[in-house]
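Okay, got some structures for you below.
Below are two complexes that have chain A in common, paired first with chain B and then with chain C.
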Partner chain A sequence: MNAVTKAEKRSRDGRPPPTLEINNLTLSLQGGRADPLDLVRGVSLEIGQGQCLGLVGESGAGKSLTAKAIVGLLPRGINVRGGSISLGGQVLTSDRVNWREVRGVLVGTIFQDPISSLNPVMRVGTQVHEVIKAHLTLNKRDRDQRVAELMEAVELRGDRDFLARYPHELSGGQQQRVAIAMAIACDPLLLIADEATTALDVRTQARILRLLRALVDGMGLSMLLVTHDVGVIASVSDRLAVLYSGRVVERGRTPNVLSQPRHPYTRGLIESCPLDLKGGFRTAVRPITGTAPINLESTWDNCVYAPRCSRAAAKCRSHSPPLEDYGELHRAACFYPLGDGIPDDATGRSDETFADRTTSSQPLALKTVIHAAEHPSEVGVESEGGKEVILKATGLSVAYREGRLVSYGTKAIPAVQEFNIELRRAETVAVVGESGSGKSTVALSLIRLEPRNALVEGRREILGEDLDEMGKNALRNIRRRAQIVFQDPYGSLNPRRKVVDLLMEGPRAHALDTSDSPMEQAGRLLERVGLDPSFADRYPHQMSGGQRQRVAIARALSVEPQVLICDEPVSALDVSIQAQILELLTSLAKQEGLAFVFITHDLGVMNMLADRVIVMKEGKTVETGAVEEVLEQPHTQYTKELVQASLVVI
Partner chain B sequence: MIASAILFFAMRLAPGDPVLAMYGGQIGVTMEELDAARERLGYNDPLLVQYGGWLTDIVRGNLGNSVVNGLPVEQVIAEKIWPSVQLAVVALVLSVFIAVPGGVLAALRRGSLIDRFLTGFVSAGIAIPQFWLGILLVLVLAIQFQVFPASGYVSPTEGVGEWAMHIALPSLTLAITLAAPTMRFVRSSMLDVLSEQFVDVARAKGLSGRRVIWVHSLRNALLPALTIVGLQAGTLMGGAVLIEWVFAFPGLGWLLVNAVTSRDYPVLQAALLLFVTAFLLVNFLVEMLYRVLDPRLR
Partner chain C sequence: MSFWKTMLSRDRVALAAAITLGLIAVFALIWPFVSPYGPREIHADAALSGPSARFWLGTDDTGRDMVTLLAHGARISLGIAVAAEILAVLSGVPLAMIAGLLGGFVDSVIMRITDALLGFPGILIGLMVVALFGASLTTLMIAIALMTVPYLIRVVRNAVVVEKERLYVVSSTALGVRTGTLLRRTILPNIVSPMIVQVSFGLAVAILTEASLGFLGLSVQPPNASWGTLIQVGYSYIRITPWLVTFPGVLIFVSVWAFNTLGDAGRDVLDPRLRDTFEQGTH
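For the complex of A and B:
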């Protein structure tokens, strides 16, 4: 297809029809069963030219499936069972679609993880070239010219040397820019960005989002932005649709929906987000209870959200609510929408909307005062001297030696330089930085768990004892006091052991008091992390991600530690689940006097939990101080950029 | 070096006497004559001395003479090495041509009839003993239908057609057994690659299905499969002992069996040393090839 016919399509009958029109789309899993299982049901969306629609929802909501259906890339066994998709007037749900004239020509797609989006053994220039070659009849010179234009459009150097590189030789942001260049190479009508910035560092994410928005505005592209991140949606999209369990529960213009959500789930999503949408950080989140349904079969004759909804009544469990109009195309599927004066019956919470509270929310400076008043003893760069120092590191430097066949070479790559920390009882210190800043190395080396090829200098202590001067047994005993919780609750729990065994392994190894039965002890631990004691009998695969992370925390607690080192403990979780875990960690810190070292890339998360913060960049500490001070008045340019990039900009 | 020591001493540990085998069958050989022969050939010296002597000879480029016919070992081996190399190369190429399309097809049509058939082929190829498959092929293709000659070897200089006819059966037998594990490997690594995101991206770019599979997926899928082909090539360089024996194919493997039965230590040692060297060399080459094919390793 060439540019002329596309231009014709765009200008057909004066006022152009929506670029993308999805009508009542139902996607089902056939998979050899008699009744197909609907994963997405009755979804209708519209995107006009030069518009950006945000599709937001948690994992399993069907947002990626919907996006994949547009380009005909649904996974095996999943089919379009009903409804239609049309793009620029062409129906994409018929059997005779020539996908090669749709993909890359009418629709460009960008996926989540930039490094895995590019073929590792092909030069990036070739990968951009081949899209053009596949669709446009241009000679080599014109193609080179086009590639140069594209590179300029995505703000990359387009010289020969750069194009001859392989994907692993580029940074994450550059990789994603190359992916964007491929997606827009043939001047498509629609750009699909499927979690396109999720895997990127916060500053890079902000730049890529700006670039995408500029492309929408500059080229008149339509964009479907698929994400779980309300902040991203708020910054970039014109309209949004909230997907829950395969249904659109609310849609409308982005500012309208976010400032006055009608559906309780939308409000829950907004309130789970550690950033407030007025450009500030929240000090607390309100998580949604429960988890999204896994088995969808029983949920179609009722409101899909009813089991988690505090406003649900009998009607919600027997009827499926239709999308009601609230003006300006703002629609929500709820029998008891927010803003109709009915209070939440379960929590007794008034149905004040998000807008009511955000308008009364304090500017950052004022919030600081409130926060300080809540925790009078915990503010300030220097923690008070009275409390016992639990964990301390002075001048900690870690370098990785390059592996050799027989011995290590003399060259060592520094990962962390001159890191200092002093953590007292009931205190939380966050270590913040982007990928490659050395923050995870810090987490491991604080308790002498660094990899074998690491070269460590400096002093590290737990409860005043030097870890490097300890024998094996002493080290084992002291490590009990400092436990670690990792990012991925799927990888950190042995899949072949029951929860009770996972939890009791530590106490057994350290010969702690075992007068009660293991089941009783495990049950008590599970209750401490907000799980039912009956979970002791389950295997990890029988639990959701949030439940697993709770078990991982319970396991850390099982040996009665005094400090928990948490390495990105919520970044692999859905927002509503993330909020639940954050609430749990906050209560552990407040009620049990535990100290926390909290490794994170997310300033919003940091702000909610930490008293003090250490900002790292490329292994070096660039800034330290009380959280409020650092957020409000960052001293270094780097921290300033981090804070700016983290905030939601509408 | 280590390998040379192992193969030298292992051979001396094996029962049998080269001198006895040398004179085997001759009537009227006295014990004195045998002893004199052992003394002359150095088999009465302490083992370490023998080993040292052998090593220094190797370094000087002298592999000794065959005990059986007195010819220099180099000459004996050189005569047999070409047929074996030809067989190895033909078999390997054939096996790759069977394994790669088969593995790709099985991966693309996962769970289909073709996939199940090819999985059956893989299991059979691994389970069936090589020599038995060889005999079977001889029975069917050489005796029943008389398409190919059952045994022997003709040098390509004497006629390429004849050469191809003679090398067809042994190389086919080898290729089938070699292709089986490779095909399984290609299938599984192809499945891995097909589920990677860049393959989705390539499809989303609107590239032709052919380009997505043969350019984007296959090159990545072949990288891990290269290891197994490299290992196979390494072992093949030493000749396919059983196959050469079954087809009376005058290569290194055949020579090896003869040398064992006649206790021809110098030939045996030299041949084995050659195998080890070839194996290491091929693996080194594969390692280098990896660096060429995978830019991430450069």
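For the complex of A and C:
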């Protein structure tokens, strides 16, 4: 570690000092323990003026903690145990820091959820004024002038009418722009964007990222971009640092690191991402096996990534790898880095074999070709005849009734209009759209699960039978064939019941064959979704998000459906876990001949799984067709924008 | 029940409240049997006497033993409160479940009636019912139930609405689980705890209401005694023998405090922000 810091100092000679310099930072959870638990250890970062550093990692990696340490907002119980942070020459890890100045003036911060960072009862203009008033001594006219400048900088209308609006009267993108305006109001040295675009729709996200980049270039602002999304990092940052389990495992210039990752985790992150960073969509992802460590104490005397690494050898489990230099400040902490000519399994030369060698390495381009060939890409726009139609909807329209008591039902707000779908065996159709496009309403109403206040028109069928013309019991029986998997694996499993009960609920309700014990049946279902049968005995809170989602899928499979309707099934999960679930769904489609309706906002995910796609906007279908065609030659402006916003090119 | 265990083990004040209520209940049940005096036994020689070795808490204006009167009063006061709450649960919970499950028009009608009931001051409802049907244990019970039932309906109805829209309920419906099974296995267990909390508050309100009506002479009639009527009697002599109003007053205060404390503690346990720790603690 020491040698590295020295080398770093030398290499910086002759360059202007960085705006932000984090040196060997260690953040620990004290919490009444004898041994403080290090959540972030030995992190060193620097950001020069007019530069954007991307800090990427999965949840729990310590990226937000690092950002919070800069502005002195660490959660109670977590302290800076070692190392230093300095900003524009001022040391922020000393005892005497004027945090008010740091937070408002030197550092501007924007968060994931713009609506919660704005005061809902204050006009947006007033809020921007307040920030300026709090930190700068300007008279009213100069403040007005400043607000106008800021609005122009964030590309918002700065007129009186706009400034008089309340936050809820703005779109998500506009809210985030106002938040950005407030963050840069006092010309900060550093702008921290903590997952600032994660909650936004793809098109909005792309525009906000463009704005952030423009601010960095135009104002000479330094930016720390904290995100889990490699695509975001790729499109905006100059340099990046990959954080895993509280450590920097790799850093360097963004194009260098992303095109030639040295650390296996970095490569795993890149390959888990449904977007090809070279400017396209992948047809398959390669997930990282396993999950990030929960108990950090055991992982400091070894490589933190060793338990999940396909290249790990004995040395990785006994020593912690230092950051090695690969030129141009590209550093990675790995004993057996990629690109040194050693294929993945060649580290098997060492005395220990590793648990999982299924993810052997192939060059990226080659891999894509292989998967593309396996993928049944010959499916046309119209599904082929001959195969049985499993799910069908014609002219499906859904509206939500509003009003109470006297006015009940007099007003109906349309959510979906004239939706058509025809799904055959082993086919996957994606329904793509941004939030508010009505795609989740489609998911529920396809199998007559819409809320009671919904007004449904049109015809919907499972296996050729009209759902609206059958009694309760017939509906129960036919609905068995079409199951649904939700986005949120925390909400879709009853926290009070064990996995075995959750899995047996369906079979019990339909009095399916119960010659085996519930445990045996549950065990078989769990194995089908890649979980150990012992999970049957757990409660939902004893599992990770990915494991819960597997259980939710197993639960859907328990009644032998022919089609699974998946409503954003991977959006709530970390990238590497997301890839695992996508792989599971792909294999279910291929091996078991299940049909899928896949509802997603992510074109990358869509491209991997779907044969055909239905693009929705504001409840209406704007485009349909085979996935390849829609991606390559979108017919409508909307689809064109969606595709462009989704693509990242480094 | 895990709900009570969590609550009482975490909250010492709640534990104290529960013990206090237990003691009052034991006193009400047992004292009449061990007391040397009957509730109507008059000791004219010792009327309005202060606490002494013979009459621990003194006597009332007719010379009846105060301890014995308090025990019999507790039977009536607590009895009316409990009976009123049982009535409220039996009538309110089914209505609340119908409103919550069906939603729409039915929900609107039930909830607007509830709102209307909430619009009346509680004591006014009590006075109206008693004025219409005369003072008796039954009318008192109905009046008190009518006062507390709207709160109960609101709480339970909201719990049902939240629960039936949970994703796991929707996914169970998709799996083909029957509505009855869902109601029994999933929805009921989730509304029991908020219901108990509301009943606890309801008991406090019931005791207070009975005392108020008793003080106005609209509860049980002499020579029967409830805590409220004891205060009414004692009030005439408040300058001479202040303990006559003090002892029933203390009992009313303590039991209302205890029920409110239990309700508060229960609500803390059910607070969504604490919910995770609660659930993990119970498995």
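As a convention for this text, the second predicted complex is superposed on the first by the 597 of 650 C-alpha atoms of A that agree within 3 Å, B and C clash if a C-alpha of one lies under 4 Å from a C-alpha of the other, contacts with A are read in each partner's own complex, and residues count from 1 in each chain.
Quick note on the criterion: a residue touches a chain if its C-beta (ideal position, glycine included) is under 8 Å from a C-beta of that chain, and two chains touch if they have at least 3 such contacts.
Bear in mind the structure is a predicted one, so any value in this text is a computation, not a measurement.
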Room on chain A for both chain B and chain C (clash or fit): clash
Chain B versus chain C as contact partner of A:G464, first or second or both or neither: neither
Touching partner for A:Y166 - first (chain B), second (chain C), both, neither: first
Which of chain B and chain C A:M122 touches, first, second, both or neither: first
Contacts of A:I447 with chain B and chain C, given as first, second, both or neither: second
Partner chain in contact with A:E130 - chain B first, chain C second, else both or neither: first
First (chain B), second (chain C), both or neither touched by A:G327: neither
Intersection of the chain A residues that touch chain B with those that touch chain C: none
In the complex with chain B, residue positions of chain A that touch it: 71, 73, 99-105, 107-109, 111-113, 116-122, 130-131, 134-135, 166, 168, 179, 182-183, 186
For the chain C and chain A complex, residues of the former touching the latter: 102-105, 108-109, 112, 165-168, 170-178, 181, 186, 189, 276, 279-280, 283
Residues on chain A engaged by chain C in the complex (per definition of touch): 404-405, 408, 444, 447, 449, 451-453, 476-477, 479-480, 482-484, 486, 488, 491-496, 505-506, 509-510, 539, 541, 552, 555-556, 558-559
For the chain B and chain A complex, residues of the former touching the latter: 196-198, 200-208, 211, 216, 219-220, 223, 293-296
